[in-house]
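Please find the structures below.
In the two complexes that follow, chain A is the common piece, with chain B as its partner first and chain C second.
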Partner chain A sequence: MSPRSTWRQAGLLVGPALLLLAAVYLYPLGRLFVLSVGGGPGGAGLEAYRRLAESSVYVDVLLRTTRISVVVTLVCLLAAYPVAYVMTRVGPAWFRVLMVFVLLPLWTSILVRTYAWMVLLQANGVLNNVLRWLRVIDEPLRLMYNETGVVIGMAQVLLPFAILPLYASLRSIDPRLSRAAQSMGAGPWRRFYSLTLPLSMPGMATAALLVFVQGLGFFITPALLGGSRVITLAMVIETQVVDLLDWSLASAAAMVLLVLTAALVVGFDRLVGLDRVWA
Partner chain B sequence: MGERTSWLVWVVTGLVMAFLAAPSLLVIAMSFSGGRFLEFPPRTLSVRWYEAYWSSAAWWNATVRSLQIGVMVTVLATTLGTLASVALVRLAVPGKSVLRALIVSPIVVPTIVLSIGLYNVYARWRLIGSAAGLVLAHTVLALPFVVLNVSAVLYKLDRSLERAARSLGAGPLRTFTTVMLPLLWPGIASGAIFAFLISFDEIVVAMFVSGSTPTLPKLMFDGIRYELNPVVAAVSSQLIAVTTLALLASAWLRRRTERITGGA
Partner chain C sequence: MSEPLVTLRAVSKHYGRAIAVNNVSLDVFEGEFVTLLGPSGSGKTTTLMLIAGFETPTSGEIRIRGASVVSRPPEKRDIGMVFQSYALFPHMSVFDNVAYALRTRRVPSTEVGERVARVLDAVHMSGFAERYPRQLSGGQQQRVAVARALVYRPSLLLMDEPLGALDKKLREEMQSELKDLQRTLGVTTLYVTHDQQEALALSDRIAIMNAGDVVQIGAPLALYEHPATDFVAGFLGDVNTLDGVVAGAETGVVRVEIADGIEVTVATAARPSAGKRVRLTLRPERLDLATTGGGGVNCWRGRVRGATFRGELVRYDVELGSGVVVTVSRPYRGQETIFGPGQEVFVRSRPDDWRVFG
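Let's turn to the complex of A and B:
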């Protein structure tokens, strides 16, 4: 094949997808960048970014969003590790059952699952009623419209993204290593700390990246479970656009979120390699 | 492995599984409640919320709109994604890794950011409330999943089959339609299922650009945000049923792929 015909073929094959991405992906994102730097009265500048940085409200929002994402990531890693570990040790039938449990929520709409958590966590919701019936509590616990509710809901939504990479990395550990360690007298905890845990670090890193990055930009679950009491970065962006029509501030906040996400993903790619995530 | 540890790990796994499954199961149970509010366990059973869904014009219109948009996204994303995958896997073009990264990148870009960008641009293009606007936006979100699914099969496919077809005189188009397409179809179909589900479930973009013609998720969101409308439980249960079927179909397709590519 001559190089020219290769080029023509490549153009015909990738061209349509690129055209679409240029029009309704790259252009809107570029437009946000222009809006974020062109908002001030003195023409182009960093006015909107300065307003974000100088307002304690927005700094608080950024800190809260990061804090929630960190806690959700930790909860997901702690909950995912035993599940991923069990998945490497069961037979094919049990494995399939566990996989269904992990995959079904992934493909059940986030909206449906958030709705379920609202019904569960309300003041007169299922969880409070069960606890009162068991006489564990007298007054209903406040489980919704605070960070607790947001963390519970987000952790459930993002958990499969932690289980799958952890399972992949635990499965790739050679079982002979563990047997060798055992024969040399290492107990179960010792084998876990000095063998399994370090060898599963790439899977942990991938799981943490997938959960943390998605957590930063999460909108639906915090908006419904947190309400107006737990404002995250994504909710600020929505409010600025829909209610306050402040496009320069919304665009600047969106750019902060985008650059933060991109930096994490690119940094991860350099350190660990993204190919693991797609595999 | 010590007995004690393994016992504990099993219990934790069971609890996490319950944590994953409980919300969906509760919604299904409560969707059959007969009272005016959602309750668990339901005191009386009825299908009134299902009847309310099926007899409501607003819910019906939103469902039809989401189905239409989902089908259009499936066709567009599957076509564009399959063509792009062939070029990205088979052709020696410089800058391939950059192109691939670009096409896959919508997975990590926060949807809220893309949504307000589209909201701004669509307002000037008069695409707010149009089906075309939503179809194009959802196609961007679905494209990565088609490319990942189709590329995965393409990488495993034996290239000598294509070379044999070419050496026997078949042109590139003929080779593609008669040799590659029949072997690729499980990957393509799997990508198509992903594309449909992504569009059918999508809420954030729809919130901003669907205007006065809401999609099903948009109508559900409004029903949840301002009141805990019990009809949403009936809609959710039906969505869970449909998703389960789609997932089973895609598992079946994956098994077919393994048979075609020799379980590589």
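Let's turn to the complex of A and C:
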């Protein structure tokens, strides 16, 4: 086949999706960019970005958003690793049970799950009542309307995005490697940190990327579980657009989020390779 | 002989109702090279995995240096293992792969460096210490896998079809290298293969397995010359197998009719009764072809049906009449006439070369 007709075929195959993306994604994105540099009182310029950078409120929000995302990523990795590991070890029947438990939350509305967490975490919620009944605590723990609550809720919502790539990565490790190590005298712990852990690094990186990037833009869960005390970047954007009608500042904040995410994705591609995300 | 290094006593392994290994008993002595040889599914790899500890026997006893190891995990059995897939650690350099077992044993790093260098030298891989497994050819990976299993001097080396993934020429090269290495280091080796040539070339003793049983154990020459069953005769080397009926027996010989008017005289101590159905085997290279016949026992007139030139030998299919076809293998050294199809020949064999199985 000539290069030319290969290009034409590729164009025909990818074209419709590209057109759709251009219409519903690239165009609005372009508009957003134009708004962020053009809407200020001083005309076109970096006015909105300057306002973002100069206000300690917005810098704090950006730092808090990043911090929450980092903590959520760590919690997800720690919680997901044992689950993914067990999934590679059990028989097909148990594997199906575990897979349903991993996927079921993914198919449940985030709103529903977040409200469920509110029922569990509030001062008179299930968790506090059980702990008080067990006499572990006297006063109810403050598990909501703070970063703790946001982290708990977000970690649960994002957990499947950590489990699935970790499972794929762990499953692709040749079990004969572990046998070889075992024949050479390596006990379970040495086999884990010398083989399983380093060989599952691509899965860890993928899980971290998926959780962290989604965490940066999370809205519903922090809004409901954090309330007005835990403002994240997505909440700032919403307030600017809905309440203050400051499209320029909202667009600039959105662009910051976009650039941050894009930088992470590019960095990941350089270090690990984007083709490994779903492999 | 001294106490065996490895002892298997009545070892069986069942998977549900399937019997993978059936009542196997085997001794492997210090410094020996023993091969488990058999077709796929004969239980040879399962037997190896039972000794390594990756499988637990359903019944029976496995001892290493006299101590039962059935409840001991693989990492505590002091074995070295080479897999057909090599199983090199992909994220480690050749050096780190080979050093793995030493570091597991907390050998000081200067000594690790010396011992890894020495063993890499022994397998001719000195210049490759910094490479990664994916940068090596199959043969090179195999050498690293062997080095990795030998560097800590395990008391027993287990090899599961280690040359199975290599092409023929490389396989033969590696065979002689492996044999040299094993002889130099004196490491007791249990080797699994389905390749009879490999088994003959490498082993001090061969255990032939079929359908979970060890059918016969012995030195290569002993098995080749005195197979216990027609399965062994057929599996180790090429063989003509002919069924017949005992026509009569005198002292030291049995006469077997294999077709109308074709009687084979077999030298054997056995005295099967007349009329008994028996199976005869004879190696193709033990048959002689000539254009003139001298009569006497085991000399039959035949006709060449096909001839295949193989370089150092020529293989003929010769029809003896009544539909009996035998394969004849004759050496070719440049002087011999090669018979063409249709040629009338005389086929001759010695009574000593035939084996009879009841």
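Definition applied: the second predicted complex is superposed on the first by the 255 of 279 C-alpha atoms of A that agree within 3 Å, B and C clash if a C-alpha of one lies under 4 Å from a C-alpha of the other, contacts with A are read in each partner's own complex, and residues count from 1 in each chain.
Assume contacts are C-beta pairs under 8 Å (C-beta built on N, C-alpha and C of every residue); 3 or more make two chains touch, one makes a residue touch a chain.
Remember, it's a predicted structure, so these values are computed and weren't measured experimentally.
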Q: Check the contacts made with chain A and report whether chain B or chain C touches more of its residues.
A: B
Q.
Quick check on the superposed pair: does A:Gln156 touch chain B, chain C, both, or neither? Answer first, second, both or neither.
A. first
Q: Pick one for A:Trp94: touches chain B only (first), chain C only (second), both, or neither.
A: neither
Q.
Applying the document's definition of touch, where does A:Tyr115 land relative to chain B and chain C: first, second, both, or neither?
A. first
Q: Report for A:Arg179: first if it touches chain B alone, second if chain C alone, otherwise both or neither.
A: second
Q: Would you sort A:Ser194 into first (chain B), second (chain C), both or neither based on which partner it touches?
A: second
Q. A:Leu224 contacts which: chain B (first), chain C (second), both, neither?
A. first
Q: Please indicate which partner A:Val24 is in contact with in the superposed arrangement: first for chain B, second for chain C, both, or neither.
A: first
Q: For A:Val265, decide between first (touching chain B), second (touching chain C), both and neither.
A: first
Q.
Per the contact definition in the header, classify A:Ala250: touching chain B only (first), chain C only (second), both, or neither.
A. first
(Q) Need the overlap of the two footprints on chain A, from chain B and from chain C, as residue ranges. (A) 187
(Q) Can you tell me which positions in chain C touch chain A when the two form their complex? (A) 52, 54, 73-81, 83, 85, 87-91, 100-101, 104-105, 148-149, 152, 158
**Q.** Complex contact set, residues of chain B against chain A
**A.** 1-2, 5, 9-10, 12-13, 16-17, 19-24, 26-27, 30, 38, 40, 79-81, 83-84, 86-88, 91-93, 99, 102-104, 106, 108-114, 116-121, 136-137, 139-140, 143, 148, 172, 197, 201, 203-204, 208, 217, 220-221, 224-225, 228, 232-233, 236, 239-240, 243-244, 246-247
Q. What part of chain A is in contact with chain C in the complex they form?
A. 174, 176-177, 179-187, 190, 194-195, 198-199
Q: Spell out the residues on chain A that touch chain B in their complex, using ranges where they run on.
A: 6-7, 9-10, 12-14, 16-18, 20-21, 23-25, 27-29, 31-32, 35, 79-80, 82-83, 85-86, 98, 101-105, 107-120, 122, 126, 129, 156, 159-160, 187-189, 192, 213, 216-217, 219-220, 223-224, 234, 237-238, 241, 247, 250-251, 254, 257-258, 261-262, 265, 278
